[in-house]
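Here come two complexes built around subunit A, the first alongside subunit B, the second alongside subunit C.
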Partner chain A sequence: MSLLKVDDLTVYYAGEQSPALKGASFELDHGRTLGVVGESGSGKTTVALALGGLLPSGAKMKASRIELGGHDLLDISKRKWLHLRRSEVAFVFQSPVDSWNPTRVLRVQVKDALQAAGRSDDYSRLVSVLQRVGIDDPDRALGSYPHQLSGGMLQRISIAVALVHEPALLIADEPTSALDSTVQAEILEILHELRTEANLSLVIISHDLSVVSRLADEVVVMYGGRVVERGETEDVLGLPVHPYTRGLLASVPKLEGETRTPLPAMAFGEIADQGCVFATRCDLREETCLRTDPLPIEHKSGFVACGPGMEKWSKERS
Partner chain B sequence: MTDTEQDSLVVGPEHENRFSSGPTANFAKGLLWLLVVVLAAVSLTFILSRVIPADPARLAAGLEAGPDQVAQVRQDLGLDKPVVVQYVNYLGGLISGDFGDSIRTRQPVINDLLEALPASLELIVVSFTMIAGLGILLGIIWAYWPRGLHSVLLRIIAVAGSAMPVFWVGLLLQVGLAANIDWLPIAGSFNHRKYGVDEITGSGLLDSLISMDTSAIVEAIRRLVLPITTIVFHNIALTMTLMRSSMSEQLQRPYVQAARARGVSESKVVTVDALRNALNPVVTMLGLQLGWSLGGVVIVEVIFSWPGIGLYAFSAFQAFDYNAIMAVTIIATASFVLINSLVNRIYRVLDPRIT
Partner chain C sequence: MTQLLLETDAVSKTFGSGKNAVHAVREVSLSLAQGEVLGLVGESGSGKSTVANLLLGIETPDSGSISVEGRPVGNWLKEEPRVYREVIQAVFQYPIAALDSRKRVGWLIEEPLVVHGRGTKKQRVARVKDLMSAVQLDEELLDRFPYELSGGQAQRVNIARALALEPKILICDEPVSALDVSVQAQILNLLLELQTSHQMSMIFISHSLAVVRHLSNRIAVMYAGTIVEGGPGRDLVDSPSHPYTELLVQAAASSSSNREGLVSTISPEGLPRSGCRFVPRCPLATEVCSNGEPELVMNSQSRSIRCWHLDTT
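Moving on to the complex of A and B:
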């Protein structure tokens, strides 16, 4: 049975005409990792916030179905969301420094979270989790103010606090983007190990393909608020079909061999109201792409929302 | 953990060290600063009082006095001596708490001030508590629920309050609630003798509370309603709007979302996490307001014949009671500097990053 099931999720922010997220569908089984990739503005973070009931006030969320661990997440009360965030779903956000109140000692903030979950007695457990994620002196770290610690340490603490509730799902939104590269690697290593150790189900959101390819079992590629391609990581990132995914992979810098091909830059404000969202930047664009929304075409374990891309792919394979 | 990360912890102790040596040094610095500012204020008011083309000796001697009597008074007051000598004498007096005598009341200015102070403090403490408490509370509500009828109402209060001058608000209230309908006393403070209440603190409210006489307490409160409403109405706008903008800014910050994501309840996120950060600019502003308040109550005390420092200062100005004017100026300046240095202290409690 799948842990997370999202069907046709659409989100509008207050005062916005076009949706931040349109018709996103994906699912995730227990103990698996889902990577969500896309550039900024693609709706990645909206996915994360929607799954925690953390969308800003005034945002509207519609879906034909969203379920997490047997809980229906559609139209539930604020109280129920709070309960879910205390038991089922936990978050790690992009900027570790901004994730903590600058004016309060970490210990009291951590205790707030434990207390909220009714687990004040878990403090000693937290200390061991902190040690597990590489905080050698938890007492000293927790006795500090956020500005006294490095980003890497704060992100470790964020991860430990997120995990101490033993949530069914951990959502990590760009967990390493604000860190320098050596610390990035360590944080990824921790997530990688915890995935197997704690049988963690993880949604990892990143613009960084190497992060996703390293951790994710399945990948969702987002562009302009839509899911354009979905499937097993090796399929999507190994033999991409959608022209956007191809472009994304081709633009990754390589140490040797051919130089990278940059994606054609996005013209300002160019997310079309109708037709394929990627059409304006696409080299496979056909007449119909500008007029009709591309339908998802089943492909291997997932789907691709691009007819011409699929054709090209088949031609290349044959 | 890597070595680089371990190193970053070093920030901690260094920070603590600055903390442990800080307070005494800061306190000494603050005290020195206070002295410098007060001395400057004393010198300035002294110069002004001697430059102004009015003759205190003439005023003190009275209208009927002849030139000889005026000369006698001038000598008695020491006004015949060179200005530098007068200045040194004045400073010497200040050190022993002697502000000189009032030419109007003919008693030491310090006695007059001590008599007037409780009434002013009563106004200041009550109104400031309401401005701070109510302003912060309404600002939070306004920030958290920015839409709705209450926000329209708060906006009207804020605009009207800050746009209407204090004396105008005071007069409107007097006309509306006291002059034509006899709901509240139009002016004057609590009369201790009339209610048989002992004058212990000098504040009508406190003394009536001590006496535990219900009718006296009600009277003391009734006396306070109009002047307090006038002050609060005019001054709450700033606190309220600043609190609102500061709070709504904090509510957008990632740490608020992160706390929510950790399952921390909404009330705690708002009143503990966001509030603590949002309070900083509001505390600055409130500190300045409190600093000004001794000077600010002048108009209100005059309108409501409230026998405090403000009314005393007003009468002193009218009579060119130069010793009294200087004393009030010095005290207003000193209280402003003192309150500001206290506010700086509160900052450090609110925000550990400020050293």
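Moving on to the complex of A and C:
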């Protein structure tokens, strides 16, 4: 059964002519992980903010449907949003150091956060959750100031606080981008385990394909505010169809193969106002791409918003 | 035989003193040949950026020596600091923060030429245009301020600034970590192209093994202030010898199939003060490891390793 259903979500920020997010649709089942990949300006953080009711004032959001755990989020009062955020949805953000007030001991901040969520009782349980996420001495950690702990430790505490009330959905926006690769691997492993243990659904947002490929069951690839490709992780990142997804995968340095040769980098280009958003950078561009918005083409478990890409893909496989 | 351009001999740097002392760099010996790219890889706190700062003269070593072109850097910086800075230049991690926010792109690239008294105004303006085309920056951007640039464009400005004086050595400290994946590839390609065409020597620092591997001829892996393994880049990644290098390779392996059992738990609670610093995280650790710190030993294939269990790795 799906926990989250989003149809045709569009967001405009105040004073902006072009949408930050246009026509995004996706679904997430209980206990599954959805990866959202894209570069700066692709709209991936807007997805997180919209789902959490955290869009700045003046932003306009519309959709034909947004449902979370059976609640219709579209005509829900602010109070109800708040209640849902406290009970069903939790967030972990990118920079563990900036997430905490540097002048106060963590215990005070954690208690404040729990109290604000009306869950002061959860404090005792937090200690065991902290141990669960790999903090051996929770008392000592909570007695510290943020600068006394490493980024990895702080991110573990953020995760524990987010999960202490057992939300149904955790939205993690670049949760490991500020961390070292070994610490990153551990945090991802913790998220992976918790998901299984707690039947948690996870939305993981990242520009890093390796992060998404490690955790996600399904992937949404975003560019210029659109979802350009969607499907099971193995399909999308294993046999990508959209030229943007292909370009992204090809441009990452690998641990095997040739070194000191040019990487197949994608061309420059602004996000196009008309037609396909990726057209300015695309090597498969056709005349129509510049004029008409590509329609999603069903493909395997998801879709691809690119005709020429789909044709090329089919040709390569026949 | 290729000429050594830069050499450090047992360089150490400690910050703070007594109980709070942080031994950021401990007896690091490196060498860099003409036209070579040396990759430095390690996690935050491993000392890689301190090594960069020591080479650039931003920090002074407590002990050990650094020489460039056979000349001791300590004296050089005292006698002719400007000449030294013409030889060695740097590009850092945060491209926009690295630029003076109140200056325009044209001036930012011209500035090193002015400071070092190169050419007439007319010649400098021409040189700025050449540099901009070398780093593939549109001339339209001449009058922009740093905040009007994308991260990738700003990093190109930083690279142009660094190249303005035609340095022999370029130090790149995490130059692509703050950039989007598609931009990373463009900047890496640019650095590779410039390094090859100028026969520049480069020290390339990153926490990402795949990025370091892509650009480097040789790689040195740092942990807790020392080099734990060094060797030819591809070879080192293909067959890591030190357990820490192995951990880095595992952590970087990205396929979804090996998501289970990635890394053993780390103990962030401080490093050992003696013996091998990697003991708390090491699968091979035995009693001998805590008793003394192993030496960096050269083995057969131009590979050096700091590990007591050299035979079993």
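Convention: the second predicted complex is superposed on the first by the 304 of 318 C-alpha atoms of A that agree within 3 Å, B and C clash if a C-alpha of one lies under 4 Å from a C-alpha of the other, contacts with A are read in each partner's own complex, and residues count from 1 in each chain.
By our rule, contacts are C-beta pairs under 8 Å (C-beta built on N, C-alpha and C of every residue); 3 or more make two chains touch, one makes a residue touch a chain.
Since the model is a prediction, treat every value here as computed from it, not as a measurement.
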Subunit B versus subunit C as contact partner of A:Gly247, first or second or both or neither: second
Partner chain in contact with A:Met153 - subunit B first, subunit C second, else both or neither: both
Partner chain in contact with A:Leu209 - subunit B first, subunit C second, else both or neither: second
Contacts of A:Val183 with subunit B and subunit C, given as first, second, both or neither: both
First, second, both or neither for A:Tyr145, with subunit B first and subunit C second: first
Partner chain in contact with A:Gly134 - subunit B first, subunit C second, else both or neither: both
Overlapping contact positions on subunit A, where the subunit C interface meets the subunit B interface: 134, 136-137, 149-150, 152-153, 182-183, 186
Residues of subunit A defined as touching subunit C within the complex: 39-40, 134, 136-137, 149-153, 180-186, 188-189, 192, 207-210, 213-215, 233-234, 237, 247-248, 251-256, 259-260, 262-266, 268
Subunit B to subunit A touching residues, read off their complex: 1-2, 4-6, 8-9, 11-12, 15, 253-255, 257-266, 268, 272-273, 276-277, 350-353
Residues of subunit C that touch subunit A when the two form their complex: 37, 43-45, 151, 180-186, 188-189, 192-193, 207-211, 213-217, 233-234, 237-238, 247-256, 259, 261-263, 265-269
Complex interface listing, subunit A residues touching subunit B: 52, 54, 78, 82, 85-86, 90-91, 93-95, 98-104, 109, 112-113, 116-117, 134-137, 140-141, 144-145, 147-150, 152-153, 158, 161-162, 165, 182-183, 186
